[in-house]
Amino acid sequence: MTEWLLDGLLVVALLVTAAAALLSRDLFRAVVVFIAFGLLMAVAWVRLQAPDIALAEAAIGAGLTGVLLLDAVSHLGRARPRGQDKGGNGQ
Amino acid sequence: MTLWLMAGLLFTPLAWAVLTLLTDFAWGRVVTWGGIVVQVLVSLGLWLAVSRDGGFYYGLGGWEAPLGIELRVDGLAVTFVLLTAVVASACGFHAGVYIDPDKPWHRYFWPLFWFLWSGLNAVWLGGDLFNLYVGLELISLSAVGLVALGGKAAALRASLRYLLAALLGSLAYLLGVALIYGQFGTLSIAGVVFWLEDHPVPAGSGLALALMVTGLALKTALFPLHRWLPPAHGIAQSPVSALLSALVVKASFYIAARLWLELGEPLGNLAAAQLVGLLGSAAVVWGSWLALRQSALKQVVAYSSVAQIGYLFLLFPLTYSVSESVSQQAQQGITLQVISHALAKAAMFLAAGNLILSTGSNRVDALTGVSRFLPFSLFSFGLAGVSLMSLPPSGGFAAKWLLLQASLGSGQWWWVLVLLTGGLLSAAYVFRIYRASFLENSETDEFYHPSRSLEVIPMVLALMAIGLGMVSEEVLSVMALPFEEEGSP
Amino acid sequence: MTLNAWIPVFALMTSLVAALVIFLLPEKGYRLRTTVNLGAALVKLGLVVVMVWGVFRGVDYGLSFTMVPGVTFVLKADALSMMFAGLSAVLWLLTTIYAVGYLEDSPNRSRFFGFFSLCVASTMGIALAGNLFTFFLFYEMLTLSTYPLVVHRGTEKALRAGRTYLIYTLSGGAVLLLAIAWLHGVAGDLPFREGGHFIDADPEIHRSLILIFILLVAGLGVKAALFPLHGWLPQAMVAPAPVSALLHAVAVVKAGAFGIVRVVYDIYGVEASSALGVLEPLAWLAAFTILYASVRALSQVDLKRRLAFSTISQVSYIILGVSLFGPVAAAGGLVHLLHQGLMKITLFFCAGNYAETLGIHRIDEMDGVGRRMPGTSLAFTIGAFGMIGAPPLAGFITKWVLGSGALAAGMDWVIAVLVLSSLLNAAYFLPILHRLWFREPQASWPEERFWGRLETSAWLFWPPLLTAVMTVMVGVLASLPFSPLSWAELIVLREYSP
Amino acid sequence: MIRTLKTLAMVAACVSFSGILALSIWTIAGQPAPVNLPQLLSENMARSGVEHPVTAVLLNFRSYDTLLEIGVLVIAGIAGISMAKTASLEDPELRTSDSLLYGLQRWFVPLMLMLAGYLLWAGAHRPGGAFQAGAVLAATGVLMRLGGVPMDFLRPGLLLRLGLVLGFTVFLLVAVASVIGGDAFLAYPPELTKPLILIIESVLTLSIAMVLLALFVSAPVNDAEDPEEGSS
Amino acid sequence: MTAPLLYALAGAILCGIGLFGLLWLSHLLRKLVAFNIMGSGVFLVLVGLPQHQGGQDPVPQALVLTGIVVAIAATALAVVLIRRYYHLSGLTSLTGEPASREGAPE
C-alpha cells in the first residue's frame, strides 16, 4: 500500500513538475523546476528497477542538462534584454 | 569476401570521419577523396555481390536478431547504398572545390559529411527498429551541423527549426518503437513480421505504426509538416543542400516505406493509406506552387523537393490491399522516383550553386540573359529539370510511368491526375528559371565561368538521372533477387 | 545484332552528336560549325536513302530493348516512317543552309544550332519510333528542344510565345501520356504494326478504347494544331524564319499529324477505328479546322501569321485523309504530309527572305517586291499556287486524290470542303501575289539591287528555289516510282492488306 | 479570442493524443509479448563477458547502437565547437567569485572524480558504466570551469579533437579488428571480451566527458560575428 | 495494474505535455525543455510497458541509456545554436522577424 502511495505521489509529482516547467512564467524558475523533474525521474527509474538509468538521469538528465540550460538562461537574460522570455508563446 | 565488404562499408565512413576531424580542410579534402574511392568501390562490390548471390542478414557482433542487431542486406538496400555512394561522392568532390578552404570552421565539414554518410548506410541496411532510430539521429544531427556550419543568423535559424522538427520526428518514431517492443518483445522488423505471419493481429498495434510513420513523415517533410525543409535546404551551402535533398529526406522515407510494406497490410487501414496519399498529392501541388513563387534560386529547388517528396507517399495507397502486380509496380516506381530524384536534385542544387557562383546572387532575376554565355551549369540544371518534370527518357519518367500503371491498375485513377498535374507544375517552375536566362534585356556582359570540375559534376549526375530511365529495368532487377531467409527468427 | 539494326540508331545519332559537338564549339567557330551542320545533314540524308531503298525491298531495320519493366524502346523503319524521315532529312539539309545565311552575325548561334540539331534528332526519332512509348519519348524531346528556338530572340514577346507554346504542348504531352499509359494497361505494350491491333478487340474494352482514342487525338492534336488546340502556332511565329519554316511547317505540326496517322493505322488499325466509330467525328473535326483556319488566315496582316493559319488548315488535310475510310483517301492524306511540307517551307523561306533582306513583315508592305526579288517571289508564287491546288503542282495532287478518295468512301461532303477551302486559299494567297507582281513599290528599298549580284545572300536564295522546284516535280512526276504519291500508295497497300 | 481558441484546440489535441496513447498502452499491456527477450538475454549472459546485463546489452549484444550513439555525441561536439568562442575561457566575468562555489569546487571535484572512477569500474557487474562515469566527469569539469579553472585543452585545436574522438576511435578499431580475424563487425574474440569492454568503457568515459564539456564551454558568449578557431 | 504500467501511463501523459510544449511554446529554451520532458515520457513507456508483465528487462533499459545520451547530445547542440542565434539576431524564438515568407515551423 505504501508502495502504491509512493508511486502515485511520484507520478503526480512528475506530471506537476513537468507542467510547471513548461508553464512557469519565469524562465529561470522553469529550468529549476525542470531540474527537479529530472531528479524525480531518477527516483522513478529506481522504482522501475533501473538503477543504471537512474544514475544516468541524475547525472545527465538533471545535472548536465540543467546546468546547460541554467547557463543559457542566465546568458540569454543578461546580454540582450529584449530576448528575455519574449512572448512566452504563440505568434 | 562479403564479410570484408560489409565491414568496409560500415568502417570506412566512420574511420574517415575520425581522420578528417584531425586534419584541416585542405588536407581533409585529400583524405576524403581517397576515402570516397574506397567507399565507392566497397559499395559497388557489395552491390555486385548481392546482385550475384542474393541478399542476406548480417548479424553485428556475431549476435542474431532478437538479441543482437541484424543488418538486412538485400537488393533494395544495396541499391540505395550504391546510390548514396554516387551522390555523396559527387557532393564530396564538388564540395572540395566549392567550399572556401580558408574559413577555419570548414574543417568540420568533412567529419560531418562522413558521419552523415555512415548514418545513411546504417539506415539503408538497418533491420532493427531502435538501431534505425540511432541511425536517424546520426543523420539528423550531422545534417543540422552541416546546415549551421558557418553560423550566420539565418543559417542558425534554419538549422534550429530543422533540429526541432527532426527531434520531434525522432521522438514520435521512438514512441512507436516503444509500443512495438511492448507488444512483440522484439525490435527486429523481421521478427515482428515473422510473428504476424501466423498469428492474429494483436489489438492496439495500429497506433505504433501510425506514430512511427508520422514521425518519419515529419522528418521527410511531408505536407503539411514540410515547413522546416525549404529554409534549411535553401540556406545551406550547395553541396550540403544537395546531400540533404537527395539523400537525407530519403532515409526517413525509406524507413517509413519499409515499415509500411512489412507491417502496413496487417496493422494499417485503407483510410490511413488514402490519407497519406492525399497529403502526398497536396505536397505535390502546394510545393510546386510555392516553388513557382520563390524569388531565390535555391528556394525554388528546395520547394521542388517538397513537391517531389509528395510523389513518394503515393506508395502508401498504391500498395495497400491491391493485387501483387500493382503493388510491385508501385514499389518499383517509387524506388525509381527515389533514385532519380536523388540524382536530379543533387545535380540541380550543385548546378544552382555554380550559377550562384557565376552571377554572385541567389536571385532568379540575376539569371537574366545568362543563357548567351552558354553556362554549362544551366544546361545541367535543365537536364535535371527534365527528370523532375518526369519527361522521357529520364528516370523520373520511368517512375511516373510505373506509378501511372499502378494507379490505373488498382482503379485509383485520382492519383493519375496528381501525377500529370505535378509534371506540368514542375515544368512551370523549371521553365521559369529558363525563361529568366533567355531574357535578352540585361546589360550584364560579365559572367564568371566556374572551374570545369565544378561544372562537370552536376552534369554527370543529371545525365545519370536522364539515363536511369533507359536502364531502369536493370536497376530494378536487383530488387527482385532471392533473399536468404535463414537468418530470420 | 546486325548492321541493319543499327542504321536507324545511326540516323538518330548523326544529329544528336552534331548537337553535342555544336554546343561545345565556341561561338566564333563559324566555319567548323557550318561544316559539322552540313556534314551531319548529308550523312543523315544518305542513311535515309539507304533505308528507303531497304524498306522498299522489305529489309527489316529495327532495334529494341526493355527500358522500364513492361515497356520496350523500339526503333524501326517501315514505309510510313521513311516518308517522315525522308521529308525531315531533305528539309533539314535545306533549312540548315538557309539558317546559316539567315543567322549570319546574329548572337547565340551555338545555342541555336545545337538545339536545332536536337530538334531534328527528335523528329527523326518520332519517324523511327516503333511503338507509342518510344514515339512519346521523342515527342516530348521535340517539345523541349524547340522551346529554346521559339524564345531564341529573347524578347518579352518571344518569351510569352514560348510560354504559350509550352503550356499547350506540355499539357498535350500529359494527356498523351495518360492515354498511352491507359492503353498500356488495357492492352499491354503495342508495337506499331501495319493493320493495327484491335481488329477483333474484346467488345468489353470498346468503351475504354474510344475514350483512349479521344485522349490520344487530343494529346497529338495539340502539336497537329487541330481546332481548338491550335492557339500556340500563330504566336510561335515570333521565332526566326528557319525555325518557323522547319519546325512549324514541318517538324512539330507534322509530328502531331504523323502521330495521329500512327494511332489510326498502326495501333487501332483503320478497320477497327472505323468500326469503333471514331473516324467520322475526326473527319468532321479536321474538315472544320480546315475551313476555320482558312477563314482566320484571311484577316491576318502579318505574313507569317497568315502562313501559320494556312499551316493549321493544311495539316488537317492529312488528318482528313486518314480519317476517311478507304485506301485512296488515305494515300491523299499521307502524300500531303510531304507535299504540304515542301510547299509550306518554300513559303516560309520566302517570308524569311523578305524580312531579312527588305525588312518586310506585313502583307501591305509587299507591293512590288517581285521586281526587287524576282527569284524569291517566283518561289513564293509556286508555293502559293501549290497551296491553292493549281495543277500540276503538289497541292493539286493531294486534293485530287483526296477528293477521289472521299467519293470512293461515299463521303461526298468532303468534296465541298475541298472546294471551299481551295477558294479560301485562293482568297488569301492571290491578293499577296497581286501585290507582289502588279503593284508599284511604295518606297525605295533599303538595298537597291544591281545587275550581277543575287537579290539576297546565296545561302538564302537557293533553298526556297530548290523547294519550289521540288513542289513542281512531285506534282508533275507523281506517277513515277519513289515519288511521294507512289510511296504513299505503297504505305496504304501495306496498311490495308497487312 | 482566436488565440484562446487555438490554445484550447491545441490542448484538446494533446490531451487526446495522451489519451489514445494511454489507451493503446493499456491494451498492449494486457497481452503477453510473444518474444521473451530477457530470458534470451540471461541465457546468453555467460558469453557476454560481463556480469551486468545492461552493460552486456550496451557493449556487446547491441554494441552497434552504442558505437553509432557515440558517433552522435561526437557530431554534436563537432558542430558545437565549430561555433566555439574560446576567448571567453579567460573571460574574467566568468570566474565566479562566489565563495560557495569555490568551496564546493574544492571539496567536490576530488569527490566527483572518485565517483566517476567508481562508476566506471562498477559498470562491469553492477549499475554504472561509461555513460554515468562520463557524465559525472563532465559535471566535474563544468564545476571547475565555473570556478574559473582555465582548462586550456578545451580550446578548439588538435588536442581537443583528439580527445573528442579517442573513445570512438578505440571502439571502432576494436570493431574492425575482429573483421581481420575473420569474424563479423564488432564481434569480440571470446577470451578477450572482458578486457576489451573495459578498455572501451574507460576511453569512452573520457571522450563522453570531453564532448559534454566541450559543448558546455563552446556555447558562445561574446559578440564576435564569426566563429573563432584555434590553429592546430 | 502494476507500478511499471503506472509509469508507462504517466509516460503517455508526459508525452502529451511535452508535445504541447514543443508545439505551442515559442521560446527556444522552453521548446528544449519540452523536448526533454517528452523524451522522458517516451523513455518511461519504453521501459514501463515491457516490464509490466516481464519484470526487469535490461534491453529497454540499455536502449533508454542510449536514448538519454542522444538526447543530451541534441540538447547541448541546440543550446549552442540557440545561444549563437541569440547573439546574432537578439531573438529567442523562431517566430519573430520571419526570414522566410512562412511562419513558425510547427
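Labels for the chains are A, B, C, D and E, by order of writing; each one numbers its residues from 1.
Keep this in mind: a residue touches a chain if its C-beta (ideal position, glycine included) is under 8 Å from a C-beta of that chain, and two chains touch if they have at least 3 such contacts.
Given the structure is predicted, the values throughout are model-derived calculations rather than measurements.
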A correct list of chains touching both chain A and chain D reads E
Comparing each chain's Cα average against the average over all protein Cα atoms, the nearest is chain B
By Cα centroid distance, the chain farthest from chain C is A
Maximum number of contact pairs occurs between chains B-D
Rounded to the nearest Å, the gap between Cα centres of chain A and chain C is 76
CA centroids of chain B and chain D: separation to the nearest Å works out as 29
Whole-Å distance, C-alpha centre of chain B to that of chain C, is 43
Chain centres from averaged Cα atoms put chain C and chain E apart, in whole Å, by 66
The positions of chain E in contact with two or more other chains are 8, 13, 15, 17-20, 24, 45, 49-50, 52, 54, 56, 59, 61-63, 65-66, 68-70, 72-74, 76-77, 79, 81-84, 87-88, 103-104
Note: chain C residues in touch with at least two other chains are none
Within chain D, the set of residues that touch 2 or more other chains is 7, 21, 25-26, 28-29, 33, 36-37, 41, 54, 62, 65, 69, 72, 75-76, 79, 83, 131, 135, 212, 215-216, 219, 221, 223, 227
Chain pairs satisfying touch are A-D, A-E, B-C, B-D, B-E, D-E
Residue positions on chain E within touch of chain D in the complex are 5, 8-9, 12-13, 15-17, 19-20, 23-24, 45, 49-50, 52-59, 61-63, 65-66, 68-70, 72-74, 76-77, 79-81, 83-84, 87-88
Interface with chain E, chain D side, in the complex: residues 7, 10-11, 14-15, 17-18, 21-22, 25-26, 28-29, 32-33, 36-38, 41, 53-54, 56-58, 62, 65-66, 69, 72-73, 75-77, 79-80, 83, 131, 135, 208, 211-212, 215-216, 218-223, 225, 227
In the complex, chain B touches chain E at residues 130, 133-134, 137, 141, 144-145, 148, 151-154, 156-161, 163-165, 167-168, 171, 174-175, 177-179, 181-182, 185, 187, 225, 227-228, 230-231, 234, 299
Chain E contacts chain B in the complex at 8, 15, 18-19, 22, 28, 31, 35, 38-39, 42, 45-46, 49-50, 52, 54, 59-60, 63, 66-67, 70, 73-74, 77-78, 81-82, 84-85, 88-89, 94, 99-100, 102-106
Contacts from chain E onto chain A in the complex sit at residues 3-4, 6-7, 10, 13-14, 17-18, 20-21, 24-27, 29-30, 32-34, 36-37, 40, 43-44, 47-48, 51, 56, 61-62, 64-65, 68-69, 71-72, 75-76, 79, 82-83, 86-87, 90-93, 95-96, 103-104
